[in-house]
Amino acid sequence: MSDTKKEVRIGLIGAGWMGKAHTVAYRNAGVIFGDDLPILELVSDVNEAQVKVASKLLGYNRWTTNWVEVVTDPDVDLVDVSTPNSMHFEMIKLALENGKHVFSEKPLSLSGEESRILADLAKEKGVVNYCGFSNVMNPANQYVKELVDTGKLGKIMRIHATYDQDMLLDPEIAITWRHKKALAGTGALGDLTSHLLSVSQFILGDIEEVIGIESLVIPTRPVEVGSSEHADVETEDLATFLVRYKSGIIGDFTSSRVATGRKNYFYYEIQGTEGTVVYDLERMGEVQVYFKSDADVDNARDAGFRTVLLNPNHAGFKWFQPAAGIAIAFDDMKTLQAHELLQALSGAPYASDFEMGAKVDSVVSAVKKSIETRQWETC
Amino acid sequence: MSDTKKEVRIGLIGAGWMGKAHTVAYRNAGVIFGDDLPILELVSDVNEAQVKVASKLLGYNRWTTNWVEVVTDPDVDLVDVSTPNSMHFEMIKLALENGKHVFSEKPLSLSGEESRILADLAKEKGVVNYCGFSNVMNPANQYVKELVDTGKLGKIMRIHATYDQDMLLDPEIAITWRHKKALAGTGALGDLTSHLLSVSQFILGDIEEVIGIESLVIPTRPVEVGSSEHADVETEDLATFLVRYKSGIIGDFTSSRVATGRKNYFYYEIQGTEGTVVYDLERMGEVQVYFKSDADVDNARDAGFRTVLLNPNHAGFKWFQPAAGIAIAFDDMKTLQAHELLQALSGAPYASDFEMGAKVDSVVSAVKKSIETRQWETC
Amino acid sequence: MSDTKKEVRIGLIGAGWMGKAHTVAYRNAGVIFGDDLPILELVSDVNEAQVKVASKLLGYNRWTTNWVEVVTDPDVDLVDVSTPNSMHFEMIKLALENGKHVFSEKPLSLSGEESRILADLAKEKGVVNYCGFSNVMNPANQYVKELVDTGKLGKIMRIHATYDQDMLLDPEIAITWRHKKALAGTGALGDLTSHLLSVSQFILGDIEEVIGIESLVIPTRPVEVGSSEHADVETEDLATFLVRYKSGIIGDFTSSRVATGRKNYFYYEIQGTEGTVVYDLERMGEVQVYFKSDADVDNARDAGFRTVLLNPNHAGFKWFQPAAGIAIAFDDMKTLQAHELLQALSGAPYASDFEMGAKVDSVVSAVKKSIETRQWETC
Amino acid sequence: MSDTKKEVRIGLIGAGWMGKAHTVAYRNAGVIFGDDLPILELVSDVNEAQVKVASKLLGYNRWTTNWVEVVTDPDVDLVDVSTPNSMHFEMIKLALENGKHVFSEKPLSLSGEESRILADLAKEKGVVNYCGFSNVMNPANQYVKELVDTGKLGKIMRIHATYDQDMLLDPEIAITWRHKKALAGTGALGDLTSHLLSVSQFILGDIEEVIGIESLVIPTRPVEVGSSEHADVETEDLATFLVRYKSGIIGDFTSSRVATGRKNYFYYEIQGTEGTVVYDLERMGEVQVYFKSDADVDNARDAGFRTVLLNPNHAGFKWFQPAAGIAIAFDDMKTLQAHELLQALSGAPYASDFEMGAKVDSVVSAVKKSIETRQWETC
């Protein structure tokens, strides 16, 4: 990186778990990649006690309880939006209008339409607009993209993708903002499928149309733990939908937050005419790949899915481990992301932009609409 | 079995691979279960040379080249339909009209409507009407049905099912009847998905509505091996669809005959509120099961999917192997089927009846229709 | 096969489960391979009631309760020894001395020394001498042998092999001949490891020296089910040993009959300088293979163990199934064995001869000796 | 932690990759556990240029090229030995003699005898003596230890353990200190098996006697990359040995540095009378466990190995991830280790002491001796 590069001053909105994770990632990017450490200029949180503590612990120069100050502060270059989902749109919009670079956790907003506004506005302003899709940085997904882009899998025919967890299987878990339409927009779709869709967008490109189906397994939940009073759950527990990509690929996506036994089952299979690849995030370090060419020799006797262990030759891996088969952590994706973000401020390209964010949110919105209209909907 | 039971006289239509397999299964049922051996009375095939040889080799008393003789012969009790698909409807119908018991390979016909006619006619005639869904006899699927029926999996929420092969991936494979709409009706749907649907019907019951999408990857094929002349492929290479069951379960089904690297990938996952089960026919002898109750003890530290190896306590297994972990063959399903069929002639219950056959064919027809209308279609 | 070949007349000693399995296999070999059916001439068993029933059910021409009549009968060409282990030596020896072809279940005797006598005698007599090592006929093991023989795995460095079951884990299971030294010779070693050793002999050749260790987990057992009277178990529950092959390969073998959770865990890994292969009989239809050459391209990014599904191009498979990924049964190995045996009578080569049987028994004896002497022992 | 606790001043010997990793771990322990950050007082390395850079980058107060200064410096409380193996003994010994706490990478020395001297000296001095066995901190191994200690696996019968890599498979890789007896002591045994032995010691306790076998696959290597001049490799490429524990458990251990296809294959199976556990470090986040009690209900139909995904209820995991199935990194073990070490300085207990280190080294020495003497050797 250039020695003369201006130091980046960060304004963080949201001093909770995610804000802390981002700040740690900025630091780790410095240690691991030698990136210039950004200046931690200003942090805001509605909770004054929390923001005071976090400011000191994380090392921010100043704090405020008013997020508007962050997006308007002349000494902030990059606004980091790490708040709950329902605030994203307003915050990002004002930050962009003030000409700030923006790094926001997904989703950009609660609807495809609003996210589209943000993506267009970011382009108009010419600022860095980074959406926090961690899975895009996973060396496994980067490897799969390369397999697709280099043609090793041939013409892609189909994708099957699932993201299942059972964290909300217990009906005694109290209701939260995730269960409320006004606060979360959607349930499993926005929370889980969106991660699959970011990887889909990254690897396979635009989805043209969708049709879905959903299910609500636990229709009410206690208003708080142990309470006998229940409130309605307004967001879907699981949803499945068919997709047709602009390229003609067809596929199916499913997510469930009540998938008994599944913990972090982010799983997909992509089938091409020359090869097929399978990935399961619960076994983060391995990718299954089949090459049709293996069947063209010795009467197909030696062909089979290869269990490829991630190694330093796969993008990103070498920064964390020196040899294949050694476990990297999911948190390392956050470090790779912070590095890519910091490089983007110097003009380097990046995939997880607001355009990707808007497209993902647009698919989620179209799926929701298709469930209501019982029709195929364009994304 | 009753000593006074009248011996069953079989009339086989179709002396090819499947007819031979059925005849071997009748014999094996005798050896393994001690069933009375049926009388192999009459066999027909349009190919005179083939039927002569087969008749002798398989041990049939008489042969003919005219299948109508089989379904009208007074010395035939059970008509076994083992011909290509497009002839099934006509043959089964005439056999039923002549009051014969009928054992037919799936599908019953090329459309849900015709299969419904046969199912109703069979009920009216009160004869044994057995549809050859081998997977229903698989001890693994019987085990899964028991897990569902006994409530061990709780309320079923969802199914994901796939049957993928890559047998037709090579574009140089010549066109066959499977590629022609008039002869096969459908492609991957009727050939592969129907197997999944039989197991779905067996375990989860009726599907109410579907919507699908399909893809034709190899649109033309040589008219014969090595020919430069090509003909149009009229049936889908792969298809995916969403389902809603009458019980409220939702799900997705996919099949492909060009799924690179997949050989006999009959795979499904059924998620219930108390447990989840996963089965893969490529590992025929093992079933993955997760019980939520395992997570209720010791802070969920010992919970995980169990790899259950089929053993003599699973239905059907004990007739073939004395201990867990010893491989049974897919052909053993045909023996179990022949046994169940022969028992049915003495009044024993059986699941794979024409009603099941008609329901499976009706789902396939509804999926095809939904692809054309781009609407949800009732089955 | 020659039309003029003299029909083979079989004399079976032992009308129990194994004798029945052999007889069924002779029949199946006829159906599947078109082998001339042998004449089932004479069957003997000490239990008169049993031999009468078996003779009729299995279709033998004559029966006797005196096995000596079988080995001396002029109308018997091939003596089939299917009795408990402790009788093998005497029966085989007399059969050979009478110039009969012999097919015996393993082990040939209870010691390497006696088995050596039989192997030498068989050679001297020039008769067919076939030892029933079913695993040698497994298409998976045949495939591994080809990988080794063709050099695809390079120079073999090492083998790790295990055969574990937990059938005898329950201490309430009553004592049987398998627990008595005089009747069984050894425990897990002779019962389980011998299967591994047959495959080792088939694929890797002669073992030069061994040293072992053993454990007796359940030292006494009820004299019969439910009895409070206990008797001493005299044979080992588990044993592990190191080996050095004549070729320089080193390795380790283990078997246990009290291996909690293991059912039919016949598992081995063979590492060569160009590739490694892993096989697990509980997943009979798949072989894991790694080729170093896969790592020589594209920076080793696509290299990994291949999960090869057995298919019709692997020796023996095509006789049972038409496509990859369809389950064949372990019983199919017995059919392949019967076929090879019948072919051997016409002069075809076969691997599982008494020489192999003697070598396997000699390794078992050497391991037992090494446990006593606490020294490396030559096989 | 106590507010009044004296800050710990660290003196690091060795400014290479491992020294850097240790320093990062001290920092991370502070961030993740809130441990008081130690003072990075002094760092030494024979390479002056390197130690200057490292000192600045890592943040040490002072540097030197003479390690003796570190172990004698009055302002150093804890000596961190991160140099190549052959220097460990001398450095640790002098540090102990100067009354320092010592944290050393394994092995403590190149022989069991020397390591015994260090373990005894450390006890005599009453200082913290921590040996860097990272695998002991792995939540998976901690979980297995708990399964053993709580009796969930019953009486342990046997262990099978392997640590295989293929990093040195390529014969063109130049010779290094790892290939020289005087510098490395042993090959795969000390480099790889020692990791298995630390976990074995942690979970199963003391080994009483061993006998081994070894192989040298690549007897010479280029003196440097590309050179045609070769030098002798003096340390084994692979070794296997039998063990008998003081408790009566028997087992086998193997390691290879030329195990084609294996990358980080740290794998073990422990069989007890009530359960069996299998762990593979290449799938760091999952443990396979079988409980015999699962087979005691419903006719053993639901029993099978459970695939347990590590979750926050397993020791150590919760500090890194909030839910099951999310990947933690192998580097996180180093953080857990640094935390345990810093806690030890306040009197907290720790398992990886010099006693463990000496026992591991003593087993390695006994195996080496047994290979020479061809006798069982006491550890």
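Observations, loosely collected:
All chains are identified by letter, namely A, B, C and D, in their written order; residue positions are counted from 1 within each chain.
By definition in this document, a residue touches a chain if its C-beta (ideal position, glycine included) is under 8 Å from a C-beta of that chain, and two chains touch if they have at least 3 such contacts.
In this text the structure is predicted, and so the values were computed from the model without any measurement.
The pair with more inter-chain C-beta contacts, choosing from A-D and B-D, is A-D. Ranked by distance of CA centroids from subunit B, the top chain is D. Subunit C and subunit D have CA centres that are 42 Å apart. The geometric centre of subunit A is 36 Å away from that of subunit D, both derived from CA atoms.
Computed from the mean C-alpha positions, the centre of subunit B lies at a distance of 55 Å from the centre of subunit D. Shown for subunit D are the residues that touch two or more other chains, namely 262, 286, 303-305, 309, 311, 324. For subunit B in complex with subunit D, the residues that touch the partner chain are 143, 152, 286, 289, 291, 294, 299-309, 311, 313-314, 324.
Every residue of subunit A that touches subunit D in the complex is listed here, in rising order: 24, 31, 165, 167, 262-265, 281-286, 309, 311, 320-321, 323-332. The part of subunit B that touches subunit A in the complex is made up of residues 153-155, 157-158, 160, 162, 164, 169, 211-215, 217, 237-238, 240-242, 244, 248, 250-252, 254, 256, 258-262, 271-276, 290, 292, 303-305, 374-376.
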